[in-house]
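Residue numbering begins at 1 within each chain, and the chains themselves are lettered A, B, C and D in the order written.
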Amino acid sequence: MIDAPRDKPAVQNETARIEAFSDGVFAIAITLLILEIHVPPRAAGLSSTLLALWPSYLAFVASFMTIGVMWLNHHRLFTLIAKNDDGLILFNLVLLLGVTWIPFPTAVLAEHLTGHDQRDAGILYAASFLAIAMVFNLMWRYVVRMRLAIRHVDVAAISKQYLMGPVFYAALVVIALVNAAACLVVSILIALYFALPPSLWRRKDRSARAT
Amino acid sequence: MIDAPRDKPAVQNETARIEAFSDGVFAIAITLLILEIHVPPRAAGLSSTLLALWPSYLAFVASFMTIGVMWLNHHRLFTLIAKNDDGLILFNLVLLLGVTWIPFPTAVLAEHLTGHDQRDAGILYAASFLAIAMVFNLMWRYVVRMRLAIRHVDVAAISKQYLMGPVFYAALVVIALVNAAACLVVSILIALYFALPPSLWRRKDRSARAT
Amino acid sequence: MIDAPRDKPAVQNETARIEAFSDGVFAIAITLLILEIHVPPRAAGLSSTLLALWPSYLAFVASFMTIGVMWLNHHRLFTLIAKNDDGLILFNLVLLLGVTWIPFPTAVLAEHLTGHDQRDAGILYAASFLAIAMVFNLMWRYVVRMRLAIRHVDVAAISKQYLMGPVFYAALVVIALVNAAACLVVSILIALYFALPPSLWRRKDRSARAT
Amino acid sequence: MIDAPRDKPAVQNETARIEAFSDGVFAIAITLLILEIHVPPRAAGLSSTLLALWPSYLAFVASFMTIGVMWLNHHRLFTLIAKNDDGLILFNLVLLLGVTWIPFPTAVLAEHLTGHDQRDAGILYAASFLAIAMVFNLMWRYVVRMRLAIRHVDVAAISKQYLMGPVFYAALVVIALVNAAACLVVSILIALYFALPPSLWRRKDRSARAT
């Protein structure tokens, strides 16, 4: 009808569409967080009820920064992936399931941060991050084992760097046992740590590329 | 104002934008699922009320994996499509309508999984998946009949492969008649089956391309 | 830090990002529609309460098809646009405001379809579509007047074709005065009419390009 | 499995994915605004309850236009950015956090616009915009200081232009002290001002490019 059938460069498209789909899920999950902060009704004084919502604001910032940094690391990881297979797609789906899940423990922790059950809410929150960090590590190991990574990557250094995630979030679970508000503050610090420093594996990657 | 008018390569853009729009709908539908899990209020003990939400978690995982695999198959299908016409766009819209619909039967089944009406909720859930699988098949047949597919595709093998969807989801409707929780577990297994094995038509496609 | 600064091809990016942003808004608005269908609680029999939700289902399908076809026409319109300016961006924002608005009149009509106020709800619904169709027409006229369109376009034919939108949706307002359910059914028919036939202006466009 | 490993052009992808992710967040935040307008129940007369929702409509339009223009400026800013680093990504995340936040003060102001606490709600609304405009300025200064901008950009003119944002939104905070409804109307006017005129820095940019 329009022109003769042509073959498509399927492989390149496939990686691009996984990244685009993942970006979409990250962007939506990070934006849905605001829906969990409920507007105070007209009854009481607005300024005091707005101030009383501080657990919601703190949880919003903590989860926003954490999902944002997870997106960043997901994006960095895919710059290291040259090939794509069904197993990687499945790992990626499980990772996105974890990201999509986050608005729920965030809302639970915001609701219960100043209540009797703050410890349980904090553990649910920290354990959710821990689980996602572990899937991230399993996914990277799968990439290495199936030889899906680009050439000239210092695998040992990156693998070591990726272990920081589970270690930090396991510590966050321990913090949640003590204080749920501290758990939120520390998760913001962890996100800043992962976002800011020129991470080890990126330097390795760049120096490898330069040679 | 900026520079002289230029013609755009409209056809290629058109396919790309259909895929981008579809990716967006899939990504949003899959992420909205979490909004249907409601945060327990402060009244009762948190850990017990969180545990009592297991039907919501199970339904979340089942629908997430199913939409995820539908996205994957949608993506694979479009790697086989070289051309685009109004009928395909309409089929795609109906398919997306089905995907967008899923959060509703998911929430209904989660709410009623342990109630008297679990059978009706399970049938609604399984029948929704069955309907989407049937639209998928009709869409593929339309692609073949209108000669929109790329060359060197083993049409018979793919058509046979695509029939697995309606067969599996018809079986899921039967399972829903017996037990709604089993219906959720089996839908996870079906999603894993569609995600994992190097599917028949992809091997055909690749071997055809190799010649 | 990474490499020397380079200039970007800003103009092409700009059009692409407007389309990408618009696709995102269309995809989200079309998917949010399902959130307006509320899950029936456990109290009554599920099958009868599910059947009683038919106004919600009908409104969901009507708005989904209408937004879907609006996306399609938006996409077709942008294949005719070669250049971009601030006015077009503002027109596009107003158009997207209309699309984003649709879930509200959809939910109002679903809630009131079988009530005393169905006429008011139907007028709100049909008038919303009429307003969007009028913005579409103003936007196309702006494109023509500012010479933003690609060459070889039969402007008169397209302008005539675009007038169908306001005419059809003005008729829909009249139908809403009589029967709100008919208003929903007719809006589905209008969407199918705009989606299916190879539209006049596209044939003109293609034949013009062929010469 | 599929073909030999290949290196990816990581840098270009990185900027593109930041823009794509940001576009997604802007598109979702702008579309979620409609969820804050609640459907009136069947009890009272529909037309009068619909009219009584005018604060919600006004707040919806004001926030929609403001987020839309923020997206536009974000997009324009990135056409001036040639390079990318971790600090820019973090600044961008904080900016997106501000954008994602907007549906909350919008809903608070809509709820309280005609109540006793309209002043507090208006200040929250205007101060949110002021904070985002300040992050925008800090981000641009960071781009300049780290030499991430493209060549031939009149930095002084753009920096001066960008200061308009904080100045206008500081004035909006003052207006909120007087009248919350005026605050909404003025924020629409500010958005139109930023959207319409061929902004100073763009002319500079173009003339610089022409030389």
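Quick note on the criterion: a residue touches a chain if its C-beta (ideal position, glycine included) is under 8 Å from a C-beta of that chain, and two chains touch if they have at least 3 such contacts.
These numbers come from a predicted model, not from an experiment.
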| item | value |
| --- | --- |
| Those chains which touch chain D and also touch chain B | A, C |
| Equivalent interface positions on chain A and chain D, same or different at half | different |
| Most widely separated chain from chain A, with each centre as the mean of CA atoms | C |
| Centre-of-Cα separation between chain D and chain C, whole angstrom | 24 |
| Intercentroid distance (Cα basis), chain C paired with chain A, Å | 34 |
| Residues within chain B bordering two or more other chains | 20, 24, 28, 32, 35 |
| For the chain A and chain D complex, residues of the former touching the latter | 11, 19-20, 23-24, 26-28, 30-35, 37, 39-42, 45-47, 50, 60-61, 64-65, 68-69, 71-72, 75, 79, 82-85, 146-152, 192, 195-198, 209 |
| List of chain D residues in touch with chain A within their complex | 1-3, 5-8, 10, 13-14, 17, 20-21, 24-25, 28-29, 32, 35-36, 86-87, 89-90, 93, 96-97, 100-101, 103-104, 107-108, 111-112, 115-117, 120-121, 124 |
